[in-house]
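Worksheet: one structure, shown below.
Just so it is clear, A, B, C and D label the chains in written order, and each chain counts residues from 1 on its own.
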Amino acid sequence: MTVPILNASGCLDALTAAEVAQTLDVFVTKTVTPLPREGNPPPRIAETELGMLNSIGLQNPGIEAFLDDTLPRLARLGVPLWVSVGGFSVQDYAQLCTLLSGREEVTTIELNLSCPNVDEAPETAAEIVAAAREATPKTLYAKLSPATWDIAETARAVADAGADGLSLVNTIRGLALAPTTLEPTLERGAGGYSGPALRPIALACVYACATAVDLPIVGMGGVSSGRHAVALVAAGASAVALGTVLFAEPFAARRVRVEMTEAAVALGYPSAAALRGKAHKSATFANLSAL
Amino acid sequence: MTVPILNASGCLDALTAAEVAQTLDVFVTKTVTPLPREGNPPPRIAETELGMLNSIGLQNPGIEAFLDDTLPRLARLGVPLWVSVGGFSVQDYAQLCTLLSGREEVTTIELNLSCPNVDEAPETAAEIVAAAREATPKTLYAKLSPATWDIAETARAVADAGADGLSLVNTIRGLALAPTTLEPTLERGAGGYSGPALRPIALACVYACATAVDLPIVGMGGVSSGRHAVALVAAGASAVALGTVLFAEPFAARRVRVEMTEAAVALGYPSAAALRGKAHKSATFANLSAL
Amino acid sequence: MQANEAIGAYTLLRIERGGLEPGSPGQFFMLEAPGRLLPRPMSLCLAPAGELAFLVDPIGPGTRALCALRSGDAIRVFGPLGNGFDLDVERPLLVAGGIGVAPMPYLAETLGRGSALLGFRSPRHAEAAVLLPGAEVVVEPRLVTELLPDDPGDVLACGPEPMLEAVRARAPHAQLAWEAPMACGYGACYGCVVEHEGRLQRLCVAGPVLRGGL
Amino acid sequence: MQANEAIGAYTLLRIERGGLEPGSPGQFFMLEAPGRLLPRPMSLCLAPAGELAFLVDPIGPGTRALCALRSGDAIRVFGPLGNGFDLDVERPLLVAGGIGVAPMPYLAETLGRGSALLGFRSPRHAEAAVLLPGAEVVVEPRLVTELLPDDPGDVLACGPEPMLEAVRARAPHAQLAWEAPMACGYGACYGCVVEHEGRLQRLCVAGPVLRGGL
């Protein structure tokens, strides 16, 4: 049993970096929406002292071009594929799931319920998951935002609505100002804050959700070493995803995979998977679902 | 016109550090609750790589002892006093506000609507503010959490309910594990994450709320230099509060005050107050309320 | 890191090549900037045997950290990336403004011919012209575009946006090397988009050298 | 920073006194740990003219950063803080385990009399006994509490919690210097609470020296 390493959605394009994608156990696409999107105007990335901000705004070719053109090319990579989908209403999500259902190249659909850079669907996360559940028999992961008072409550609601797993966490809204002009460094103002600063927040979310629901969790947020990955696994994740670190180090997955095992062995466990949930005192934490 | 510097609630006890309190323009008490509280079991503070976690859990003597014993002693410091109050129901907040109304030592009541370390009142922030508004004629600041999808919405709701100002932001939930045991570093598990990592999150909240409502804002979250303070002011704050930095540098307010003016002058403004709101493009941002 | 050498206001960063290919002129590398989260894009300036050399203008925290590197320090380098200049040209004319001079030495060397026009904002910056012997050099207030002949031939240019716009006005078919903030340099982040041919495209994948421009 | 000097497994950090008072034995200072957000509490070990000296056990990132300081480096120091030992005692006996030796040299010097018992976990740690000439020293597996006489007199002790508990069992009126994680050291954060006299109290304000203990 191993701890799979994925990329975080939106942090890798396998078509411009096939070799990088092939270092992963699963490739997750950037979020696809029903219609093509150009995204937000640039500048839409900026470094901060302890993380980065982005306001990409889900630039993507739309589901039609994705199914016709992108997906067949992704399938040739030989890496299991997860497709991240996003929309602006329950209908959008249901439609996307229906269209993806017939495509055997796709193993899992990740519902992006948490992009801080676009308008949100008016429905709750649970309503969207329920509609997606109706629309597809495929494995469904719900990707949640850390920007919520009680993420465990949302986790329970999406579990009840039929989610098969959780992806935790998306970015949280942040802002930086240029030191000389005092204008926001991103054209759009605020953006999604990712990277090292997010790590304790992500860890708290994984820890809380692992207690609340019995679903597999992909943990992410600031992971750049095996020790970070192991912490997420100990908090309850069964897989980890790499986001921002891939920009600085495209082949980081190879290093993190080795370091994760080394860290586990140094702590007296046979593998990283063996320490899953160990941050929890409760003994009821033995029966954990795998990815 | 200057930009007042406050301490962040819970980050200074003026009775054990009168000289430190006297470097501030306003002293804000630790949150007081109706009944005495011992707080959470230790350890309840831990450093992380980019911030700190606390799970104090509102340790305080309760409103009765506070009014009889603490408040008269605080009044002798000669620093304007804000009292932070917290509770577990609308009634708690209303009662606290009623009891404080008669005390002329108190200039402002800060409603702590956002402590991540205790159970939350079941009512919404707006309901609590409305009840507090009924209970007291004193100036009411609502202290909000960054752990919310749309803080501008909450800001509008509390403004409509009668808040006179906003304190932004409280800590956000975070977790760290001890490297060798993989156990949470805090006895309680998760805690409130504060310090440098919080800065872009706080800035985004201030920026969003300044656009949404016409209320004075006390900005806080990771401020440790004049440049950080100036950024909050440019985003829309009319005052700034120092929290975590006071642990490392008790007299930081003196330095930050000087640096704030220096930074403003270097940017071509006569004072820090003069650059309030300058991060906003909109011209409608001219009429800003002062503290 | 082999060595850091000041050239006027800029710094020439010489790095051991290791297993990296130099790529073609106009391509770039992502260089780890010590202490920063994200790497910084740098055009290859020179490719001496066993080395890659970059010319860096210290304008912010990342470039300053690169200029502060010392011999023996190790940094992560990734590349070559993007699309360089099309070298199949008849009458090449190299035009650069400021740090836009960076890709020109390697470009001139690879082409083996062609003349060059360089513009700088100060005499100290203009010292970088030593990297391109024989180039015609102007310093502000004179602008490099003033040197463009009426029939400029095949222009290959790099420099700040206003300069590139001015070049394009005079030479509509010029090959222009643009800049945009980049987090990854290899198509992963969608951060570096520019409007090109009527839509937002990733400069690191579609460029940085574009014909016709933004 | 004046100098850093290894004493067995520990490091003696000597700092220019500047305007700071040394305070009384058992009081502590908050020392900036370079690169860390929060300062670290350290008992004053020695107070040579114009200096403050601290004995540091490098057990984690903050203490390691302190031990890595070099002569000329500047750090922020705040104190003296807390309540030290009550020096109005008849027959003082100093008892320390491990890094608990830190406050003892200054305490012994101030008292001007009394004997001392020290326990360490290894001969290398025991080298710190040079700071307290004449002390009786044991190394694990022997424990310092084994050296306690039947009528120990006025015990003033510092060391790990189990040691302090054992001392208290033998000498219920001992003055014990406890430890807790501290963010501020001056009552601001409420992070350092211990249960004392039946309620959670801030150790930095109520202690670190307590009579009777936790």
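One rule holds for everything that comes next: a residue touches a chain if its C-beta (ideal position, glycine included) is under 8 Å from a C-beta of that chain, and two chains touch if they have at least 3 such contacts.
From a predicted model like this one, the values you see are computed outputs, not experimental measurements.
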item: Smallest count of steps, each to a touching chain, taking chain B to chain D; value: 1
item: Centroid comparison with chain C (C-alpha atoms), farthest chain; value: D
item: Euclidean distance of C-alpha centroids - chain A vs chain C, Å; value: 35
item: Distance between the centres, which are taken as Cα means, of chain D and chain A, whole angstrom; value: 48
item: Geometric centre distance via CA averages, chain B-chain A, whole Å; value: 32
item: Touching two or more other chains - residues of chain C; value: none
item: Residues within chain A bordering two or more other chains; value: 50-51, 196
item: Pairwise touch network: line, ring, star, complete, or other; value: line
item: Complete list of chain pairs which touch one another; value: A-B, A-C, B-D
item: In the complex, chain A residues that touch chain C; value: 10-13, 15-17, 20, 30, 38-39, 42-47, 50-52, 54, 56, 59, 195-196, 244, 246-250
item: Complex contacts: residues of chain D adjacent to chain B; value: 30, 32, 36-39, 62, 76, 78, 180-184, 186-194, 199-200, 205
item: In the complex, chain B residues that touch chain A; value: 48-51, 53, 120, 145-149, 172-177, 179-180, 182-184, 189-190, 193, 196-197, 199-201, 203-205, 207-208, 227, 230-231, 234-235, 267, 275, 278-279, 281
